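Both complexes shown next keep subunit A, but they swap its partner, so subunit B is in the first and subunit C is in the second.
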Partner chain A sequence: MPFKRAPQAFSSSIKKVTIGTGDKAVTLGGANVMPLYTFDAPIENKPAIGIEVSDRGINGSLPKMAEYYAGAETLVDQAKRAAEIPGVDFLTITLDSADPNGDNRSVEDCVAECKEVCDAVDIPVAIQGCKNIEKDEQLFNKLAEALQGKNVLLLSAREENYKSIAAAAGLAYGQKMGAESAVDINLAKQLNVLVTQLGVQPESMVMNLGSAAAGYGFEYVASTMDRVKSAALAQNDSMLQMPVVTPVSDDAWGVKESIVSEDDFPEWGPMEERGIQMEISTAAACLACGSDAVILRHPDSVATISALIAGLM
Partner chain B sequence: MGKFVVIGERIHCISPTIRKAMDEKDPEPILQRAKEELDAGATYLDVNIGPAESNGEDLMKWAVQLLQENFDNVPLSLDTANKKAIEAGISVYNRSKGKPIVNSADAGDRIENVDLAAANDAIVIALCSKAGVPSDNDERMMYCQELLERGMERGMDPEDMWFDPLFLVVKGMQDKQLDILDFIGQLRDMGFNSTGGLSNCSNGMPKEIRPIMDSAMVAMAMQMGLTSAIVNPNDKRLMETIKSCDVIKNETLYADSYLQI
Partner chain C sequence: MALKGLDIFKLTPKSNCKECGFPTCMAFSMKVAQGAVDIAKCPHMSDDAKAQLSEATAPPMKSLTIGTGDAEYKLGGETVLYRHEKTFVSRDIFAVTVDADNFDEKWAEVSKVDYDRIGERMYVELLDLEFTGDVDKYAELAEKAKATGRAIVIDTTDKDAARKALEVCADTKPLLNGANADNMDDFVAMAQEFKVLLGVQGTDLDSIYDNVKAVEGKGFKDIVIDLGTVSVKSAFENAVQVRRAALKGGDRTMGYPSIVNVAKLAPGDLHMQQALASLFTVKYGSIVVLENLTYPMALPLFGLRQNIYTDPQKPMTVEPGIYPINGADENSICCTTVDFALTYFVVSGELERSGVPINMIISDAGGYSVLTAWAAGKLSAGSISKFIAENGIDEKIKNHTLIIPGKVAVLKGELEQKLPDWKIVVAPNEATDLVKFLKDYSAANA
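Now for the complex of A and B:
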């Protein structure tokens, strides 16, 4: 019997979520096939790449990073530089210094600086908090208001603080919000249900399903994303059809391979190259599993991942 | 086999409200019911316009367009003895959310509805009966095979033939109930989809009992592999049971609020 190819295109699709405004706005999602399966049906929006800059500044001890950002001393300058990297679709500001257990920078200062950055770049902006539940809630509330009209993505609301973030970002000020669930598949769905029950449109939400650096329990991330995508497409589960945005950089640059010095492990080679490799392999794995956007830190990672996406689309 | 497909049965000309709305082409009562059914979790809506001998084509077109335009191309089951009306409905039907269902064919007088579904790339509900109630599962299986053959000869994908085992009323035919469940299991083992008017099992029972009986039946039938049923989605207990069974069967991902979605 002749082989009959049956393309696996689904009648349901990932919802489209647009961040930013104008010509440079980026739309995430829209696919009706499994991740990267362009042979089953065209994928309208290629996976997007965000570049991360921290309000603590770049890690100048990495020679390539230092070289790339040379002369860019302020967050605004670094953001402008990052936004010019070929392959970058959106900028991500991480408000590390807001952490009450660290620098405890005030909400007002953070908001003012984010506003400055948003005014200085023309690509869409996502903003990550400091991972402190209460502080992030305050930050996102004020950011949603202050950045009205910019259509920014706030990453992310969690089970403990989703209500007020949804009210501000998703309802009052028309921003986009992420719902974060730390590799807990039932919670991922539940959070989406709860946020949409408050009246936020699914088109205003993305999911941050959580991640792990490649080799550090990534199997669990992979099976979670797999289950989410198959629920979204094969089971037409509208509560899991939000695009997946995965911040990769924090995990990738936090593991041993990326932080032990070459002096301690000469056989491992230069530290910066290892970090880049961790970031690239994690991001590639996330894309294969279903991330509609990844957030990266290193310009070299952006170059490789954008080439990978271009090659597959 | 996928999440259980609930075909909402409430847009039915036997209801005086709907009858009147269809006669007068008054959208509101129909849209109201459709919304209630969809909010409660129906996937397909059955549109029963009755025999509709005189104005069936117009009426079905009107109903199909009305429902699909108002509810994001909701997939529909077209339910009438008037074949031309079904064809007319399909001619204006938008397939983006699912193929139309032809409701229904049997192995007797209505076998031509299989041809109709095949010619229009539709799903057909295929009643495993000829004239009256089949006496046992051998007879059911014989009709199932006849219908299957008819469909396949005309190029139908067996997936698009949803076999109806004929749910029988418990009051009076209590001894037949396990046969029906067993037959659903046979259909599952052959990889077929199945559906049927499940609430027939509780016919004649007090109205406070019916949701309980229907829920028990749907749970047992889903365990045997029933893939769909034509039911009242606004029966809360029944829908809670279906949703819970879907979770247990891993057909939908659990979330604490699963009953509300």
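Now for the complex of A and C:
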């Protein structure tokens, strides 16, 4: 007697959001089944992978990273190199040096450099700010204007600065924007409602539900995503149907396991390998919970996660 | 099918004899219906009625144990598909493959991974014994594996090899994996004879289903379902379909724990095995078999598992105490926050990043976040000063500078009164601002 299958395809689906232009444009979302459940119904757009490059440059103390990016000194060269990594769907620039508590680089410089990068690569581009609310607001406003026609994804607007970012990115200059909330389904929905009330189409925005590295409160990420996906699909909650983009790299490469030196923890083994495995574990778990795109930093992590996605589709 | 209290009540003697520990038969029946009490507690019910009821009130997924003594682990017994619906109960356990040729080398490496994380010992729970063709060598391998004290998976479909290994290590309650359509009679007989768990395999979901049904048909139910090694896609589908059929579809034939061998799904590729082990930790693996589990693999994987299997109703907490960061000593400044594990990790991570030596003082704040703990009265000037006094921190640490979370800046005045020889400093509201704050502070006070 064969096993009785009970496919769980829903009549609602995750909204489709396209970033970039031309042949290499990437569409996120579109699924009407729980994450990766291709056996319930075909998944139209596979989860995407963004490769992150920081305007502070790559971490040259990691031998494999240094080797991969050898000879690429400028952000533009590093971005071009990153865009060639097999399995990469879009590029993500992180404007770390804009942080007023750090290098405090000017908005003009950042915008000019991002424009240069966007002109140099042919894959879609997402841009992460420096996490400072006021600075990000200024950055995203100028970026939205300067990169008109590129259809970039700006990550991300938060409760404190969504208004002007939504006006510039989502309305005036036709870019895509991320809405970031702190690992809570209600906060996520509230922000989405606020942004769409300004007139931004749900098809022009993605959600960053917040993230955490494996072992660092990932249960909140997992349960928030579980709940968001079931509300979006089973209850047709249109304010939670935006695709989920999760910046994995920043958390994965920031925790103790990825940054303490081998001299201090000899039994833990090489630092770079620890960071890669942390990034892989976190990304795989995010995809299992419902990320429609993950942002990664290491070429080895990209290789593994893209093979994982291909294996599951 | 879940039974109602009234259906159960009809089968009781209705004598209110109280021998079950409840005042009335009705009260007892209601508890049984909720799954809170076992029907066997009623001494007067007929065996027929009990059998009928225990079948109907049995949990949708069987609970089993593998191993013995210190190395005994619970498998299965899950009742929900998503942890927020209630909680996951049996965390997945990890196995590393060993064979007759590589045992010594592998074990030397695997045994090194052994550490504590938030009160939980982290190590490889199982050894998966691969059969390489020589039956006697396989028995020796089982002998060696048994000597390690870890629980065992006998990973072979060869009946002679299986018997040899069982003769050596059956008393450690291993998992015999596994039975398939060809060897089923022998394997079920051996599992019954040696009283061990039996892994059941199949070429696809339908044949897994048929084989499990056939094993059940022989009266054996200590089953673990092998999710197969055909492809990543099919193993993942099987994991979801099996668990969903058991918990949502009410199909008892799928109501067993699972085993997934990611070593065979991605041979030689430890990065992919890591990705797969993480995937199956989130979605429905009970035993995950890897080729190796080095520190770089273990640190994220065990952390992820600890997170996923946290009961959502009970926050993770860290032990109260003094945690020196960046090589802090008695002359380093102090800071305090709550014992909620997430807060602890976020704050300690930023403190580490600052590079400033600092003593982190964690008092018992009920496992709440800073503001919640403050609102609940679990984090107050009284609780902090009491903790400092009771633990002799005045003497242990000479530098009497205490940095408090910005969100409870309101405590500053009262703390200054209660700890007159301490200097109280207020930190920023957000942990992300700590690095700059501490660097500036230590520069200004150098």
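In this text, the second predicted complex is superposed on the first by the 309 of 313 C-alpha atoms of A that agree within 3 Å, B and C clash if a C-alpha of one lies under 4 Å from a C-alpha of the other, contacts with A are read in each partner's own complex, and residues count from 1 in each chain.
Just so we're on the same page, a contact is a pair of C-beta atoms (placed from the backbone, for glycine too) under 8 Å apart; a residue touches a chain by one contact, two chains touch by 3 or more.
All of these numbers come straight from a predicted model, not from anything done at the bench.
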item: Clash or fit (per the criteria above) of subunit B with subunit C on subunit A; value: fit
item: Touching partner for A:227 - first (subunit B), second (subunit C), both, neither; value: both
item: First, second, both or neither for A:11, with subunit B first and subunit C second; value: first
item: C-alpha centroid angle, subunit C to subunit B via subunit A, nearest 10°; value: 80
item: Which superposed partner A:237 touches (first subunit B, second subunit C, both, neither); value: first
item: Which of subunit B and subunit C A:186 touches, first, second, both or neither; value: first
item: Comparing the two partners subunit B and subunit C, which touches a greater set of residues in subunit A; value: C
item: Subunit B versus subunit C as contact partner of A:250, first or second or both or neither; value: neither
item: Subunit B versus subunit C as contact partner of A:194, first or second or both or neither; value: first
item: Overlay on chain A, subunit C to subunit B nearest C-alpha distance, Å; value: 11
item: Subunit C-contacting residues of subunit A that also contact subunit B; value: 227
item: Contact footprint of subunit A on subunit B as seen in their complex; value: 2-3, 96-98, 251-257, 260-261
item: Contact footprint of subunit A on subunit C as seen in their complex; value: 82-84, 112, 117, 205-206, 208-210, 213, 231-233, 236-237, 240-241, 244-245, 248-249, 251, 254, 269, 271-272, 274-279, 281-283, 294-297, 299-304, 306-308, 310, 312, 341-342, 345-346, 348-349, 352-353, 432-433, 436
item: Footprint of subunit B on subunit A - complex, ascending; value: 11, 185-187, 189-190, 193-194, 197, 227-228, 231, 234-240
item: Footprint of subunit C on subunit A - complex, ascending; value: 1-6, 8, 36-39, 101, 131, 213-220, 222-223, 226-227, 230, 254-257, 259-260, 267-270, 273-274, 276-278, 280-285, 287-289, 300-301, 303-305, 307-308, 311-313
